[in-house]
Amino acid sequence: MKYKNNIIFAIAKSLLNTLITLGQMIIKIWNHKKGRIGLILVVMISLIAIFAPFLAPYDPYDVLQRGARGVGPSTEYFLGTTSYGQDIFSMLIYGARVSMSICIITAILISFTGAIIGIAAGYLGKLPDAIIMRVVDVMLVIPTLPITIVLTNLFGKSYAMLIFIFTLFGWAGLSRVVRSQVLTIKNTNYVKSAELFGGGKWYVMTKHILPGVSNQLIMNTAMTAAGVMIAEAGLSFLGLGNTEFISWGKMLAEAQSSGAFLLGYWWWIIAPGIGIFASVSAFMLIGFSLEEIFNPRMKSSNSQYKVLKTLSGTYIKELFEQMEAADNVGGIENE
Amino acid sequence: MKKNRILLLLLIISMGILLTGCNQNDKSDSRSDDSLYVGYISAGFPAVFMPWLSNQGISPTVSSMIYSTLFSYDEENDEFLPVLGKSWEYVVEPDQVPQDQDYLEVRVEIDELATWSNGTPVTTEDIYLTFDLASDFSRSNHAGTLAWTGDLKHDYNADRSGELVRQGIFTVNHPGDYEFTEEDSNVVYFHVDKVLGAITPLFTTILILPEQEYNIISQELKLNTTSPTEELMYLFKNPMGSGPFTLNVDNSGPGVIVLERRDDYHLKDDDGGILYKVEGIKFINYLDEIVAINAIKEGDIDVINSSVSNIYVDNLSENENVSVDTSSSAYVQALTLNVNVPEKYSTPERELLKDPILREAIKLAIDQEYLISESLDGQGSMVRGGLFDENNKYVNDTLPFNKIDLAKANQLLDAAGYLVEDGDKFRSKDGVSLRFEITSNPGLKTTINYIQVLFEQVGIEIVYHEGGNNATKDYFYLGDFDMTIQGVSFIMSNVDMMMRAHFVTVGYSSNYGRVVDEDLAAKVNEMRSTLNYDRKIELIKELQSDIAALNYKIPLYTSSMSSAYRTDVFSGWVSVKGTGIYNDESLQNLTRRQ
Amino acid sequence: MADDIKKAIEEEILIEVENLSVDFPISRGLAWWKKDIVSAVSNVSLKIARGSCVALVGESGCGKTTLANTLIGLITPTGGKVRYKDQDLYEVSNADYKKIRNNMQLIFQDPYSSLNPRFTIKDIISEPFRIRKNISELEIANHVERLLKLVGLSVRDKDRHIFNFSGGQRQRIAIARAIALNPEFLICDEPVSALDVSIHAQILNLLLDLQKELNLTYLFISHNLAVVRNISTHVAVMYLGEIVEYGEVDEIFNNPIHPYTKALLSAVKDDDPIILEGDIPSPINPPDGCRFCSRCYLKVDECDKDHPELLEIETDHFAACNLIKKRTA
Amino acid sequence: MKIDYVIKRILHTVLIFLAVITLNFFIPRIGVDDPAERYYPPQLGSMTDEEYDEIKALTREQYGFDKSNLAQYAEYVKRLFSGDLGNSFQPGRPKVMEMILERLPWTLVLSVSTMVISAFFGITYGTFAANQRGRLADTALLASSTVLTALPSFIIALILSMVLGFGLGIFPCYADSEMMTSFDWSLAEIGNVLYNAALPIISMRIGGIVGYAVSTRNSVIVVSSDDYILTARAKGLSNSRILYSHTLTNYLLPIVTRFMMGLSGLIGGAVVIEKVFNWNGMGTLFINANLNSDYPLMMGVMLFLSSIALLANLTADLLYFVLDPRVQDGGRR
C-alpha cells in the first residue's frame, strides 16, 4: 500500500491521533470535578476574549468624551472606571485577549519545543544529549525575568517577540523533565522489543516515547499556561509588556502608578487581579485533575500536593533525578 | 497536645507580626533637622555629580546648586545678574564691531569674594580652565557641551584657509592678546561668535570648575572617559563647587541627596545677611509620582520638585496642610511631524508628511480648547501659532489662535487625493493609508487619546507608540518617529540656539522634525547674526508666523504647572512662572515655622 | 527426552556461539583514561541445535541476560562470534542481518514492563507487522486473531488495554508478539519468574506446545532448576560470566561434575543441601584463576592461579573445573 | 571517588559560567551590524555628520569596539576576572560592580529574611500538617496553597498594600527612601528597616511559606512511611520524637537545597515587589538600567544574578555531598 509511505499521510494521521487524544483528554477532564471547573473557566475566558468586541459595553481604549473618571462600580459602569475614564469592565474583557492568547500559545510552543528537545536528548543520547543538557544548564542558570527584560529592550516588545522570548526561556526546564522520562521509557523492555522487530529510531520515538511522555506534556501545558500568565502579568506590571494592547498586568501597572490606592479606586486593582487569579487557577485546576486522571490510585489531596510541589520545587526534583541517573551509570545489568 | 501546637504556631506568627508592626516610627521624629525636604520623582539618584556631563534626572538640579555659573539671567528685566562674575561688558559695543572681525569681545570681572567650598578664592585660572575644557573636544568628550557651545565660536587656522581648528566658546589664549594690568587680576576676556545671544550660554549655562581639582584632565584622561580613574571618580563623587550649597557625601545615597548651606557663600541678601534662608535641602527619591504624592500627604516631604498630575490635585487639596499652586509653564506642547526624514528612517507614511496640504489639514483638525478642557481638566492655556508663551515680549501677537475646522480639513484632504476607500474608516493615498504613530512618553497618553479622536474625524489614524521615559534618548535624536509631542520652550536667553536646533533647515539631520526651507534658514541665520537688537526681535516675530505657516510643529497648548507643597513646616513660598513653587527664590525666602 | 528430538539436534546447528565476551568499561570518575572493566560474559562458547531447548542457569548477576541480549543483538560483544546458520551475525550485510533478526526473538522476564501500557492487545501483537510495513490491515487482523488463538487468548479481548490482564495473560500476549513473525529461534529470559507459581505450568506448557507446533528452538534462561528439567534438552550452567558446565539435561541432573552445579542441584533435591558461602563476587576485574574459587567448597591451591578450560569430560558433557582436569589427567 | 565528585561539580560549574559569560558578551551584539551603535551618544541638532563621526570614532575607541570581536571578548573576560563589570552609561560612568554592591544588601534584606521566615514557618506548618493528615490543618494548607500559588506575588503585594498600608495604616505603603542612606546598625534603624520591609516580605513570601509547607508535608509523609520509621514506631518511640529526630533530619537535605535555590530565584523575583513598594534594591537598579538602555549595567546585573544562581547550585550540590552518604559513595548504591 503505497499511500502509507506518504509523509503527509503520516503527519495527518498523527495529527488526527493527537486531536483524538486531546478530545479524549478533554472528556476525561470534564468528567472530573475540579477539571470541569477549570475547563469551564478556561473556555469561558477564551470565549470572552474571542468575542470581546461584542461583549464589551465600551471601547476600552477610549478615554473619551464621557468624562466619567474614577467612578466606582455602578449600573452604568459595571466595574467602575479608571482615573482616565476608561471602563474597567471593557478593559477586563479586552485584556483577556492578550493575556489568554499569549499564555495558551506560549504554553503550547513550550511543550512542543520542550518535548522535541527533551526527546531528542533522551533518546539520541551521547553527544546530542551532552550538548543539549549543557545548553539546558545554562538556560536554567540565567534568571528568566531579567533576561526577558533585556531581550525586550533589544528587540522590542511586540506580541510575537514576547511569545518568542517566553518560549526561548521556557523549554529548558520541561525538556529536562521530558528527557528523564524518555530515559526511563527508552530502557523499558517494550522499546527493546520494538527495536528487536526492526523498529527504527523514528518508529520508537513516535509510537512509544512520544505517547509515553504525552501525559507529562499535557499536564505541563496546563501548568506552563498558568506560569506564563503570571510571567506576562509581571512583565506588563513592570511596564515592559506589549504597549499596544491592554492586558491584565498592564491594567494593574496603570492602577498602581496612577495611584488607585491613594484615590481609593480599589476596583481598578481588584478586577484585573481577579482576572489573573481566575485564569491561573483554572489552568491549575486542570493540572490537578490531569494528575488525578493519570494517577488514579493516588488520593485526591495527594495528587494536588504533588502538582503544587512540582510548581514550587522543580529544581529539587531535578537534583534527585540527576542522582538517580548517576546511580544507573554504566549499563550494568540489573537482574 | 495537638491543640497546643496550633496555639504555639499562632502565637509565633502573631508575635512576629506584632514585633514588626509595633515598631512604628513617629513621623515627627524623622524631621530632626531644619532642612527642606524635596520629593523628586526619578528612576534613581545618581552617585556622581559631574557638573556638565550629567544631563539627566536630578543631576543638573543638584549640580547647579553646588557649582555656580558666571551670571544668572533675569527673564523679566532681561538682564544678567551677578553670581561668580561681578560685572561684564563688551570690549567693543556690538554695533561698532568692524565688519571683518568675526567675533565679539567680552570682558568679565570675577567677584573676588567668591570662594570654593574649601575656602580658596575663585580665580581667573578656574574660568580659563573651565572654558578651555568646554571648547576642547579632545579633553572633554561629550556631545552635550559641544552642542551647547558649538554655535558660538569657530576658530580657523592662521591663514584662514577654512580649516576648522576648534569650535565653541573659548577664552582668549591668555596671557596672549590682552594686556593685563594689576587691577585686572580678576578679569577674563572671551571671544564669542558674532551672535548676540551667544553670551547667554556663556554666562548662564556653563558651571565653573575648580582648577585646583580639574587640572588633571588631559587628552589621555578625558573628562567623560568610559573608565574613569579613581582620582577622577573621587572628584565626581565629592564635588567641590562655588555654589550656595555643598553636598553632604556621607549622608547622601541612592534614596536621598543632602545639601548643606554654605555660610561663607559670597552673595548676601539686601541686609547683608545670609542669602538662602533654608539651612539645607534633602532631595528624597521616589520611583513613582504616586509615592511622592503619598509622601507629601504623610508629611515626609515639603514640596515635590515637579508638576503634579491633574488627577491628584483634588485629592491633595483635601489635606489642610498641603497647598497646590497652579502657574503657567514655560513649555508649549507642540505636535511635531517628522518631515525631514533621514534615508534610513524613511517610510511611505513619513514621506506623506512632507505634503503641506496634509499638514494644513492636520492643523485644522486640532481643537485646542477641547484638548485643554478634556485632557488637562482645564489646567492649561491656548497657544498662538508661534511657539512662544503668551506674555513674552517676543511673541507675535498678530498671529491667530488655531481654529478647528473639520469641514475644511476634509475638503482639503479630498481635493489632495487622500480618499477613504470602500469599507475603510481611514483615508489613504496611492495605497499608503494615513496611519501615523505618535511616539511619546506615557505621561502624555491622555492627550494622545484625544488627538486620536480628533484625527479620526478627518480620516487619519493615530497609533500610540510608547517611547519610554527618556525622550531624548528614545526618539528625538534618532529621527525614527512619525509624530511626537514635544515640549518647546523659547525664551530670549536661548533663542539663538533653539531656533537653529529646531528650525534651521540643514540637510544633514532631521532631529526635531525640521523642515527643509531655504528662506526660513536664511531668516534664522540673519536673526542670529544681527547685532541690532531691535532688528533681532522683529525677525523673531516674523519667524513665528513663517514657522506657523509651515505647520510641522503644531502648537497644542501650554499646560499649567501644579506644584504641591506643605505649609505647616515652612512659610514663604514663592511661585515662579515656568518653574513652579520649588525655585531659587523660594529657597531664599523660606523660613521655618516654629 | 524423546529420541526424535535427539535426532533433530544432530541434524542442524542453528546458533553457534564462539568465544563470546562482553565487557563493560566503567569510568573511574575524573581519571577517565583509566577504566575498570566489568566482564559480564567471558569467553562463552555454545552450540544450539535446531529444535532443541538449551537452558541457561545461574544465579542473578552471572551474565545470563547479557548473553541473551548479545545473542539477539541488543548488546554488541567485545569479542567472539555468533553464527546463525553459518552466517556471522556481526559480519553479514544489513539486509541479511534484518532477515536473521526476524528469525530470532526474545521473551522478556517481566510481562509488566515488556508491554507498552498505552497499547491495546491488538496494537502490541501487530507491532511486528506494522514495523515491516508491507502488510495490509486485513492481514494484520487475521494474524492477530491467529496468534491470539495460538496462545490461548480470546479474540474478543483484542481491543482491551493490557492493564486489564493478569500476569499470565500478559506473558501469553508477549509470547504471541514474539512468535508473530514465525521466528525459528526464541530466547526466553526467565519467562515465568515474575509470575505466580500456579501459572508457571500453563506458560511452560504453552511454550512446549508452540515448540512442537512451530518447530522452535529455545534458549531458556532460568534460575529455577525444576523448570529447566521439564522443558529443556540441554543445560548450560553459568557462573560469573562463564559457562562452567554444559550437557544434556539428564546428564547434568544425574551426573553433575562442577562443584557449583552440584551445589545448585543439591538445593533442589532437598537432601543435605550444599550451602555456598558468601555472595557472587563483583564482575569488576575478576580473578585470574577459577572464578568460582572464592566460594568453592572443594577449592585447592592452584584454583587461585589456573583458569580452568571448559573440557568435554564425557560425550556431550562439558565442564570447567581444575579438579576435574586433575581427575581426568 | 569522593573528591572526584567535588571536582567534577566545580568543573561543571566553571563550564556553565564560561557559557554564561559568552552569552552575556554576545547578547548586546545580537541583531545589530555594529554593537557600538548602542553605545553612541545621541546626535544633537547642531552637530554636523563629521563631528558626530568623530564622536562615534572616539566612543568606539573608548569602548574597544575598534578591535576585533575576539580581542574584545578576551578583554571582556580578562576584566571580568578582575571583578570589573565595566562602567555604566550613567553620568560620570560609575563602575557597574560598585553600583550593584551598593544595592545588593537591600535586596538581600528582603530575600534572606523572607527565606528565613518562609522556611521557618513553612517547615513548622508543613510538619504539623503532615501529622494532621486529612484533618483541618492539612485541608487548610491545601486550600491556601492552591489559592496562593494562583496569585502572583505582586497582586498579593498590591492587595496587602491596599488593605494594611493605605487602608489600616499599620505598615508603611512605601519604603522609606532615606532608610538606605541613614542606616547605621543602631537598633532603631534596624527596626525601621524591618518595619519598612514588613509588607514586601509578607507579600513576597506568603506564597513561599506555603511552598515550604507543602514540600515539607509531602516529604514527611514519604519519609515517615519508610521502613526505619516504622521500625522506630514499632520500638515504641513517641510520634513527635520520631517526627523530629528522624523525619526532619532526613528532610534537611531538600530544605538546604531549596534555600540555596531560593536565594538565586528571589533576587530576580524581587524586581516586581521592589517596584510596588518603592524599594531601592537590585531590581529597581535593573529596571532603571532598562529604561535608560544602560547595557553595561544591565548585562552586569544579569551576569551577577547568573553567578549567584550558579554559586547557589554549586553550594547546594556540595552540601549534598557533605550531608548525603549516597553522594559520597560516588553516586552509586
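Read from first to last, the chains carry the letters A, B, C and D; within each, the first residue is number 1.
Just so it is clear, contacts are C-beta pairs under 8 Å (C-beta built on N, C-alpha and C of every residue); 3 or more make two chains touch, one makes a residue touch a chain.
Just so we're clear, the structure is a prediction, and the values are computed from it rather than from any experiment.
Of all chains, the one whose CA centroid is most distant from that of chain D is C. Here A-D and A-C were compared by C-beta pairs in contact; the pair with more is A-D. Spacing of chain A relative to chain D, judged by their CA centroids, is 23 angstrom. If each chain is reduced to the centroid of its CA atoms, chain B and chain C end up 89 Å from each other. Mean C-alpha position of chain C lies 56 Å from that of chain D.
Between the CA-based centres of chain A and chain C the separation comes to 48 Å, rounded to the whole angstrom. Chain B has residues 288, 294 in contact with two or more other chains.
With touch defined as above, residues shared between interfaces to two or more other chains in chain D number as follows: 173, 275, 287, 293.
The multi-chain contact residues of chain C, meaning those touching 2 or more other chains, do not exist; every residue touches at most one other chain.
Residues of chain C touching chain A in their complex: 24, 26-27, 38, 40, 60-61, 63-66, 72-74, 98, 101-102, 104-106, 108, 110, 113-116, 118, 127-128, 131-133, 136, 177, 181.
Of all the residues in chain A, the ones that touch chain C in their complex are 1, 4-5, 188-190, 192-199, 203, 207-208, 211-212, 329-333, 335. Remark: chain A residues 61-65, 67, 69-70, 83-84, 239, 243-244, 256-259, 261-263 touch chain B in the complex. Contact residues of chain B toward chain A in the complex are 288-290, 293-294, 297, 311-312, 315, 374, 442, 445-446, 449-450, 453, 463-466. Of all residues in chain B, those touching chain D in their complex are 1-2, 5-6, 9, 12-13, 16, 19-21, 23-25, 30, 43-44, 46-50, 53-56, 59, 137, 141-144, 146-147, 150-151, 224-228, 233, 236-237, 251-256, 258, 282, 284-288, 291, 294-295, 300, 468-470, 472-473, 476-478, 497, 500-502, 508-509, 511-512.
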